[in-house]
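In the two complexes that follow, subunit A is the common piece, with subunit B as its partner first and subunit C second.
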Partner chain A sequence: MRPTAIALLTLSLSSPALVLADTSDGSALIGQDWDTIVEMARGGEVNWFMWGGSDTINRYVSDYVGGVLMDDYGITLNRIGLTDTTEAINIVLGEKEAGVTDAGAVDMIWINGENFRTMKQADLAWCGYTETLPNNVLIDWTNPAIANDFGVPVDGCEVPWNRAQFAFAYDTARTETPPRSIPELLDWIKANPGQFTYPAPPDFNGAVFVRHVFYHAAGGVEGLLGDFDQARYDAAAAATWDILNEIEPLLWREGATYPTSITQLNGLFANQEVAFTFDYDPSQFGLGVQSGQYPETVMSYGLTDGTIGNTNYTIIPFNSPNKAAALVLQNVLLSAEAQLEKALPEVWGTVPGIEVDRTPAEIQAAFAGIERHPSVVDPAELAQNALPELQAGWISAIEQGWIENVGR
Partner chain B sequence: MDRDPVMLRTLRGLAGLALILWLVLPLIPLAIWSFARGWRFPDILPQSWTLQAWDYALSDTSGVLDSLTLTIWIALCATGLSILIGVPAGRALGLSTFRGKGLVEMMILAPIIVPGIAVALGLHGVFIGLGLTNTTTGVILVHLIPTLPYMTLVMAGIFANYDTAFEDQARSLGASPWQTFRHVTLPAILPGIIVGGLFAFLVSWSQYILTLLIGGGRVITLPLLLFNFAASGRNDIAGAIGMIYILPGVLVLILTARHLTGRNAAIGGLGRL
Partner chain C sequence: MSESLKTFVRLAPTLAVIGLLFFGGLIMGLMRSVNYMPVIGLTEPNLDAYRAVLSDPDFLRSFGLTLHISLTSTILSAVLAVGSALLLRRSFAGRRLATFLFQLNLTVPHLVGAIGILYLFSQSGSFARLAHAAALIDRPADFPALIYDPYAIGIILQYVWKEVPFIGVIVLANMQAIGQDYEAVARSLGATRWQAIRHVLLPQIWPGVLSASVIVFAFTFGAYEIPALLGASYPAALPVLAYRSYTDVDLASRPEAMAMAMVIALMSAVMILIYTRAARRRGGR
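Presenting the complex of A and B:
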């Protein structure tokens, strides 16, 4: 009896290792035949850490993407919802410091911007594998807005998932004509005191609003491209803080306080305390109207002097033990079908991270036939006035400068 | 104690009513939100009602029901272990004086004074070294760090007002150590165990960052799911998950309420701590 029990115990303990190939060694996967990678991944699992605050996005990931992974590859997708992406990076960072090089808890993170910079600088990312993905052909790496993540070169350390471009939103029932440029907005704030505010940087969306004012104060983005330059920064920064300090007493609550997050600004907007909100991803306004967060009269719009665009990505940590399954997941996410599903307004309504004109004709037709949510601004219209993101050095200097000169 | 007992009772009743209102009133908007589709200023009530938030909260996708069982299990284990460690520790702190006692008290309080994220990141490294990350066991053990200070301090307060002469008397009358504990010590300290245990349960119940870091996303408790939606402004789904989230706490409170009336002499304040 006892030997049997021990044998059973040993079997039950060791069987997962028998079924699941350990694919923590990334170098063995790069350039490997795709079918071999799929076979290595089959029957395994992948742990994807991502912001979890939207039921529709969660359903798309767990039900649609998780369904494809299970049905086609037998891979179990564990979606781990985060309140803040930094939490996942802290796990990987802690593991690296403790010497965990092949058995990390995190297989994939939805990421961009500062978090990507942290992972790249701290050598937390697995890099150089993008050519191995069959759907890599759908990505336009020659586009600088894809090859650079907030000014940091991607260098094969992540693959794009969605594109987004900053847009404002207003309620047509309350505001007749919204200001369509930064100068117009500044005039509007002066004419309508107490009706506008923005989240304090380092909030992601608050910081990008401040950068729009910075571009305006610098007389355009052209002089700001390239490496951080202290002299050029100082000139534009002084003018920016003057503008923002001048409007401060005219903001919501006389500027005595700023919302601490975009969520708080959205709440103020929904409850008619302020006239505008904004988001890096205009599809949020469609989802917000669908969930009843905003009235149907809410519309999003771009600026004639342009709004800043970005791309968000998925990244695989260096110590992921399930790299083959993570690759399969990335390839599914990049597939024309999954990108099309995600573009449907009732699913998410976001702009694809792949080039639609490289997909099969019937997918292209389906993309063309998508009816946008009426509250979401037309991405093509928005893209006509797209502004680039600055390099990381500029972005952190502007955030720090705001905190010292305006937020203090 | 020669006050008019009727007046005292009325006052006590009014205070009780105020306390109940104070506790229940904030829960009413939470309940309304969970059925609301669009509830914005200046509407007194939501524009329309829907079961969408509950539909999501109870779906497999949200994982709320799975995590409810797991969260209860973790909180119960953390409470049980807190009692096992906190009662002897509290006895030592409450009854004896020794060199460095002040330092020990400081060390016990440290985890709830030092900022949580600093503690969490340091503990992450320690738990990786011990091979306890990404497991339920690891999460239960790490919850002891915030729960033990409460348990130990409550028990130290109880034992500060406790007279060991009762135990000596029982022993001199022929009771075994177990009988002495069972019939003399336990009845005297039980209210303290219940209060301390309640603290421990609720503190474990609400852990976020420790669970996420040490659990590594393998151990998903309710706060992890709730905070996603609370932070993203989805008050409807946060309301539905929140209603589920408060259930065990309310249940534990009801079950232990009769021990918390304050009439029991053994709850004698928190001693000198």
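Presenting the complex of A and C:
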């Protein structure tokens, strides 16, 4: 029964791909002449699975990036929105299990952190191709914050897209002076019960907030860098859960429940149920004001004891049938023009994943001329107090620990 | 070719799709739930995932919550549906309009209904704003917590809103097919109106009410989207818990996710069994 079912499944999945040139063989593409790759990709399609919770990001990808791909290369970009990146990894994993090695449904995923570790752990990524991309020269692989994804070496298995650093946001019309550090925030919560909450991990942003408290409880991030260490974890975790359980009755809804997503927290903030929200991507606050979700009095800010920063990437699964088109897509994403467009506050306003000083002079000038949305904190100012991400082992342990010790 | 064979051949494409996709998925899920997943190195089948899930207090609490959501929604919907059907079968001016309005939200998707409930009943929703305008409350937190609440009031509200017309339409059709003659006879023999309903009408519509209710119960027990949108962070409804476990970054927790899914599937299977027995009873009369 099983081999028949798999054969049928494989057949049904592979038939549409057979119509066009099959570019599933990654090793044949590596080191290939770029023009040849572009010709192989021309007229094809590429399925990009990415978190779909932001209309502006979706518009940039579908309209701008999709437009460039169609106009310059005749490639159709299918953007598949996800609420959780793990969904895409589950698809690739299921395909690998069913023996689908060259006709997968996923050609590219927007990814970082634990999900990247999972892809590497299960051998789901296509690696070693980055040198083939012409725009690879714009990437600073000597920067450890780019060559390591949450402490896991990238090893040519993905390419950077954006950089991001966590920031808080408040409404100047409602809150006079926001707390500028984790200890100040904890005091503020005690003085203003019911006005703060955070999304329950495993929500991405909620988990980052918990890590800020974890760093604070551990007396700084220095002792947490490197491989996961049970003894050091236990010491810091106990203090973290004490802090979070102590403030729990003072949170929104007396801590009886937590928002389950950052979207929910943003909604509570917009409806004035809570005084703060936060995001790993501070440009979201400017976009929120532009779309009318937040009033113009909303401002974002960093902490004096630092906020966590990361790089996010795009990855190509081992079984993507459209690797040539995926390479062209990655090269477009890395291009100076696309990174500039993405940096415009009305488009997205995110920090580039490439080195701006390696781009042509006119692009550099355009970058320098970008006027930040007034609600978005200055990335340079934010970067003065940047904290590193931990290795994935720490992150899973903290999320699990929160669910067991605080969430239930 | 005999008549039954012909019918079978005609049904074959449908059966093949159901068989392959449904049972194929079910079998894959079952294999994963017993820790058989060669792709990540799990080749020795065992029942560890079931043992872990069934002894996990989180799972048991989620199971209890889901049972509460399904039972409460189903009973409330069935009672309201029978009551509405009794009113709607009478003849009165504007009956057509009333029946149309009654059935209207059958066409509205569950998700849309959930967003509507959210906008109306959340602590910063329309009713909270009205209450604030009427100076009944000072702050959003003063409005009673009906969404994301431990008793799943928001979820049950949404299900009742959606399922009352579903059961109601079935029961109404049932009542109209039966007609009012039996009740009229009972009344003529001295039964009160309530006695006629209780002892004559209800036994006749009972199998219909039961089978519609079983469908509602099975659906609400396995549905993900409404508890995901309107539920509290803890405890989560069973499908939400299973999904969270399925999207856990740790691949080792996939078997537990599948074990939970199998428990949900088992509950639905039991419901289908009850349904077919009820349907057979109805058909037998």
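As a working rule, the second predicted complex is superposed on the first by the 389 of 408 C-alpha atoms of A that agree within 3 Å, B and C clash if a C-alpha of one lies under 4 Å from a C-alpha of the other, contacts with A are read in each partner's own complex, and residues count from 1 in each chain.
Note that a contact is a pair of C-beta atoms (placed from the backbone, for glycine too) under 8 Å apart; a residue touches a chain by one contact, two chains touch by 3 or more.
Keep in mind that what you see is a predicted model, and the values were worked out from it rather than measured.
S.K.: Determine, for the superposed arrangement built on subunit A, whether subunit B and subunit C clash or fit.
M.R.: Superposition check on subunit A flags a clash between subunit B and subunit C.
S.K.: Under the stated touch criterion, which partner chain does A:S27 make contact with: subunit B (first), subunit C (second), both, or neither?
M.R.: Neither subunit B nor subunit C is touched by A:S27.
S.K.: Mind working out whether A:T118 is in touch with subunit B, subunit C, both or neither, as first, second, both or neither?
M.R.: second
S.K.: Report for A:N90: first if it touches subunit B alone, second if subunit C alone, otherwise both or neither.
M.R.: A:N90 sits against subunit B and subunit C alike.
S.K.: In the overlay, answer first, second, both or neither for which of subunit B and subunit C A:Q272 touches.
M.R.: both
S.K.: Considering only touches as defined above, state whether A:A200 meets subunit B (first), subunit C (second), both or neither.
M.R.: Only subunit C; A:A200 stays clear of subunit B.
S.K.: Between subunit B (first) and subunit C (second), which, if any, makes contact with A:G407: first, second, both or neither?
M.R.: A:G407: touches subunit C, not subunit B.
S.K.: For A:V100 in the superposed arrangement: first (subunit B), second (subunit C), both or neither?
M.R.: First partner only.
S.K.: Name the contact category of A:T263: first (subunit B only), second (subunit C only), both, or neither.
M.R.: A:T263 sits against subunit B, while subunit C stays out of touch.
S.K.: Looking at the overlay, does A:G52 come into contact with subunit B only (first), subunit C only (second), both, or neither?
M.R.: In the superposed model, A:G52 contacts subunit B only, not subunit C.
S.K.: For the combined three-chain arrangement, which segment of subunit C clashes with subunit B: 38-46, 56-64, 74-82 or 272-280?
M.R.: It is 272-280.
S.K.: Same subunit A residues contacting subunit B and subunit C, which ones?
M.R.: Correct list for subunit A: 84, 87, 90, 97, 271-273.
S.K.: Taking the touch rule as given, give the residues of subunit C at its contact with subunit A in the complex, in rising order.
M.R.: Touch list, subunit C to subunit A: 20, 24, 27, 37-40, 57-58, 122-124, 139-141, 145, 148-150, 228, 231-235, 244, 246-251.
S.K.: Of all residues in subunit A, which touch subunit B in the complex?
M.R.: Within the complex, subunit A touches subunit B at residues 47, 49, 51-55, 58-59, 62-63, 78, 80-84, 87-88, 90-91, 94-95, 97-98, 100, 105-106, 261, 263-264, 266-267, 270-273, 291-293, 295.
S.K.: Given the complex with subunit A, which residues does subunit B contribute to the contact?
M.R.: Its residues touching subunit A are 36-42, 46-48, 50, 52, 56, 60-62, 121, 124-125, 128-129, 133-134, 208-209, 212-213, 216-218, 220, 224-225, 227-229, 231-234, 236-237.
S.K.: Residue numbers of subunit A touching subunit C in their complex, please.
M.R.: For subunit A paired with subunit C, touching residues are 1-2, 5, 8-9, 84, 86-87, 90, 93, 96-97, 114-115, 117-118, 121-122, 194, 200, 202, 252-253, 256-260, 268, 271-273, 392, 396, 407-408.
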